[in-house]
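Right after this note come the structures.
Both complexes shown next keep chain A, but they swap its partner, so chain B is in the first and chain C is in the second.
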Partner chain A sequence: MAEVQTVSRRVFWLVPLALLPLPLLLNPYQLFVAELVLMYVPVGVGFNVVVGNLGLFAFSNVAYFGIGAYVSGILMARFGLPWWLSVLPAGLAGALAGLITSIPALRGVRLFYLAIMTLAFGELMRWVYIRWEPLTGGSMGMSVPEPTLFGWPLDGARKFYVLLALAVAVVTTTDRLLASRFGRAFMAIRGNEIAAAAMGIPTGRFIVAGFAWGGFVVSIGGTMYAALIGHLSPDSFNLTELVLEFAIIMVGGLGSLLGSVLGAALLTTLPQFFMSLPGSEELAFGLLIILVILFLPRGLASLLAQLHPIFQDRYLRE
Partner chain B sequence: MLPQLLVSGVANGMLYALIALSMTLVYRATTVLNFGHGDMAMAGAYAGLVFLGFGLPFVVAVPLALLLLFVLGFLVQRFLLRRIMQGPHLALATMALAVGYALRGVARLRWGNQVLNLPRPYPAGAFSIGSVVITTDAVVMCGSVLVLLGVLLLLFRASPLGRTIRAVFQTERGAALVGINVPLLHGMMWGAGAALGAAGGILLAMVVPLTPDMGEWVLVRGFAAMTLGGFGSLPGAVVGGVLLGVAEEVLGFYLNTVFINITAYVVTILVLMVRPRGLFGRRALIRV
Partner chain C sequence: MAALLELSEVTVQFGGVVAVDRVSLTLDPGEIMALIGPNGAGKTTLFNAIAGNVPVTGGKICFRGREIQNLPVHGIAGCGIRRTFQNGGLFPDLSVIENVLVGLHTAVASRFFGLVLGGVGARRSEREATVRVRALLDQVRLAAIADRPARGLSGGQQRMVEIVRAVAGLPPVLLLDEPAVGLAPPVRAELANLVRRLARENGIGVLLIEHAIELVMRVADRVIVLSEGSKVADGAPEAVRADHAVLEAYLGHG
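Right after this comes the complex of A and B.
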């Protein structure tokens, strides 16, 4: 039984393979949107590890995202590092931010208290970008040099493949993490933290690990932002961005890796149709989230799970 | 300089107090933290603008706007939240957030990002007592909030409705057992919270520009005031709001102007780290 499962899940490798010809098929604008989707995959995956798998209301995701983007951008623009060398430092900075934001959770701050506090942290970071002008360019933002990979300019199809590789790496490593004892501990903590601790699970350590991994992964998304957008401004990392990221995991499916990917794909492409009418995007997102909560509380992933058992999530049990 | 800072700080703080109080009412009655509350305040201000646009006088337009928001809050509770009341906290909070987000979208669809103002029904001006300059805005702000607080206090302490509400605050099951229609009261409290928030939004839109994004600013300060005063405490919300307003002004002047913007965040984080129950809150119990 288990053997059949592991073999058949390899089918998922067909997804990135099927995406390989995309740069040939899409026009530059469509390719850009596809790259945005790839960027939001790690952002959603990291967010979902903390909120969905650990079950903690930590809304500092946009802070990790911004930190990743700014560390990457600053290393490139102020220190002359090529983009690919800035990915790991930015990820580590995000992991550090994850560690810091796990401190209140370790001290027993939970539920709405944790939500408000982490939200405040994210907004505070925005003021750091605004006020640390020599490094960040302040509220006017900063331009990021063209990204390069081993000296080659990262453009066109090359950029798409690099981002695709990063997104796939994030999804597969997170999948391994969730299948390991970490994932099982997350599930136990999500189910009942006190019971988990009573069974001998060092809950604190796993909470820190979950936050750090979430911060690391989301910051990778931030470096992709720096490479993709080329301009960083504090306003890009505000509460509206946070709502978008939250909608990704909410609509995709809380605690589901597949859900994060689906949510990123849907909610990144959807706004492209609303660009011309300011406000329509927010209205559509609001209504979409309301409908999902009312009629599809486990998100789009649960729809797929009904189609075929291969889509069933191994780490999410109510 | 300090007396001047105190005066303007208290004036802002009264507004925060009103917002925090309206959020606390909803939170105490239904244990849902309304993450869309700021947007409801924003919607209230726009509703006031619309009614004023019909040529209605201020004293008619504002009560109509509050009534509209009462109905909106009631409907949100009745048709969206009541269906998932038994569900996880996250779904409830997200529902409130999504409603607020949709409201923001509606406002932006209709008015775009143009900066509007609610015309003051009184002359804008200032007078001075000694070296302290007091604007009419500050007087109106403090006056309106104090009147609203007084009315609420009377309702709460000395009316049958207030007794009912207090019974629900104490124990929902007990209240239901003695014949109180708890779900109806939940809806009413959402309505009341939205209407009070709208009052805050209208007061705010008379002194600062009205944009669809006003809600965020309101929400963050409401959270900070609630946290500082102690989550769920009604007097705490008022005291927390006033203290927050004063702290913004004082820190902004003596330390760095950035504190006018970040005090709310800093206060939220510090209070929850050092003394999670705030000034007047009770220690939260975790049921195993």
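Right after this comes the complex of A and C.
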């Protein structure tokens, strides 16, 4: 079965290939929505590693997202760096934030205590964006210069392809990690932390690794936000944003890499269909979450898994 | 030469309660030592002390002459002391093969950056570990359930998988905490054979907590009886069975 899985998983490479003609088929607004989906892929993937795979109720995801966006924006606007050179530093800043937010978990804080502490970190970061005005522009926010790639303006199809490449890189590297002893250690910690340690897993070190990878990946999403939206404001990284990000992994499937991608795609595109009816967007969003929790507690990924074995995600077990 | 595992005057105290009281024992390679005693005698606490799950209040625990009582749990496991748990220590969301692969965690050499960047060495060591575990599961006739999640297994299968996971890396010391609980007689016999084979063929020193006396008598080379935290008997199974102090510990004063 494992062999079958390895072979069949290669089929997933067809997905990015199938997306290549999109810039030719979509109008500029539709292309922008597609780019938003690509941006939310790393945001969901990183969040799911911590909440779904490690099984820790840590909600500082929106902080990593904001840190990625602001570090990228500040490096571009204040230090004149081109966007592509800001991606790695922003990711590393997110990894550092992940490392810092793992400290309560390392001290044994769990469940809603951990949830509240990590939520507080997100709010603290918003305070930093507001107060550190010379760098961040304060509550009015800051404008980010047009992103460039090797001197070329990053727009139109070029922007789509760069974001697609980043999203694919994030999914591929996270998949490799989850398929290895790292992914197994994360799931072991989620299942039974005492037994995991008894198997020789330094649980603390792996919790730090999970948080740092989550922070890194989500911050990459933040740099994509800076490139896409062009304006950063503290309000963009508030609790409402966190609820959307949580909905992405809940609806997609906790602990499922495929689920993170599906959730990002669905929850980014769905609101677009309700835009003509003011207020219905929130209603549809709320209903979707309730329906998924009631009828598909393991998310959309579990539904796909029933359709064909190829969709059976590594750690999504019924 | 230093003993494989040596406990000298080990004491574990919780506040005013002495759960383990100055227990000493020596385990040699290939030896199967059973630890028996009534409920609350301190058997599991002694296991937890050896594995690092509870702090030792007094005495010394040495593995091949090296003191280990201050090492963290994963450090003790890394030395080669592996255990099973009384109440199911499997990882429910992982498949059987993944559970056993976790048992090989310290033996898989893949590193973070190697994995993320798709390095050949990292991929090879992951692949080799998978091949090794598949062969092992084949050997113990669990290959058919290799890809099933642990949560759906029967009690007997869970026990067997847990033991296989603990011995996957051929640790020098194996601590088995009531492995026969809830197992049907034929499965118990299979378990006894497996434990004996592991000790005889691989030289693993086994420390076994067990209430099923017939299993203890079948597999153990030596039996230690604990009562109220203290060692009350230590010897060959038949000798211990006839020991007056043992009968008293189990049945109370007559």
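One rule holds for everything that comes next: the second predicted complex is superposed on the first by the 310 of 318 C-alpha atoms of A that agree within 3 Å, B and C clash if a C-alpha of one lies under 4 Å from a C-alpha of the other, contacts with A are read in each partner's own complex, and residues count from 1 in each chain.
In this section, contacts are C-beta pairs under 8 Å (C-beta built on N, C-alpha and C of every residue); 3 or more make two chains touch, one makes a residue touch a chain.
Quick caveat, the model's predicted, so the values are computed rather than measured.
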Applying the touch criterion given at the start, work out whether A:P297 contacts chain B, chain C, both or neither, answering first, second, both or neither. first
With both complexes superposed on chain A, which partner does A:E123 reach: first (chain B), second (chain C), both or neither? first
Of the two partner chains, chain B (first) and chain C (second), which one does A:I201 touch, if any: first, second, both, or neither? second
Between chain B (first) and chain C (second), which, if any, makes contact with A:A115: first, second, both or neither? first
Based on the superposed arrangement, let me know which partner A:V261 touches: chain B (first), chain C (second), both, or neither? neither
Identify the partner contact of A:L283: answer first if only chain B is touched, second if only chain C is, both if each is, neither if none is. first
Does chain A have more residues touched by chain B or by chain C? B
Which of the two partners, first being chain B and second being chain C, lies in contact with A:F57: first, second, both, or neither? first
Where on chain A do the contacts from chain B and from chain C line up? 194
Of all residues in chain A, which touch chain B in the complex? 51, 57, 103-104, 107-113, 115-117, 119-121, 123-124, 127, 131, 194, 238-239, 243, 246, 250, 254, 277-287, 289-290, 293-294, 297
Which of the residues in chain B end up touching chain A in this complex? 33, 80, 83-84, 87, 89-91, 93-95, 97-110, 112-113, 212, 216, 220, 223-224, 227, 231, 258, 261-262, 264-266, 268-269, 272-273, 276, 284, 286, 288
Write out the stretch or stretches of chain A touching chain C in their complex. 1-2, 172-173, 176-177, 179-182, 184-185, 187-188, 190-192, 194-203, 209, 255, 315, 317
Chain C residues touching chain A - in the complex, by the definition given at the top: 51, 53, 72-74, 77-78, 82-83, 85, 89-95, 97-98, 101-103, 105-106, 108, 110, 112, 115-118, 122, 126, 129-130, 146-147, 149, 151, 165
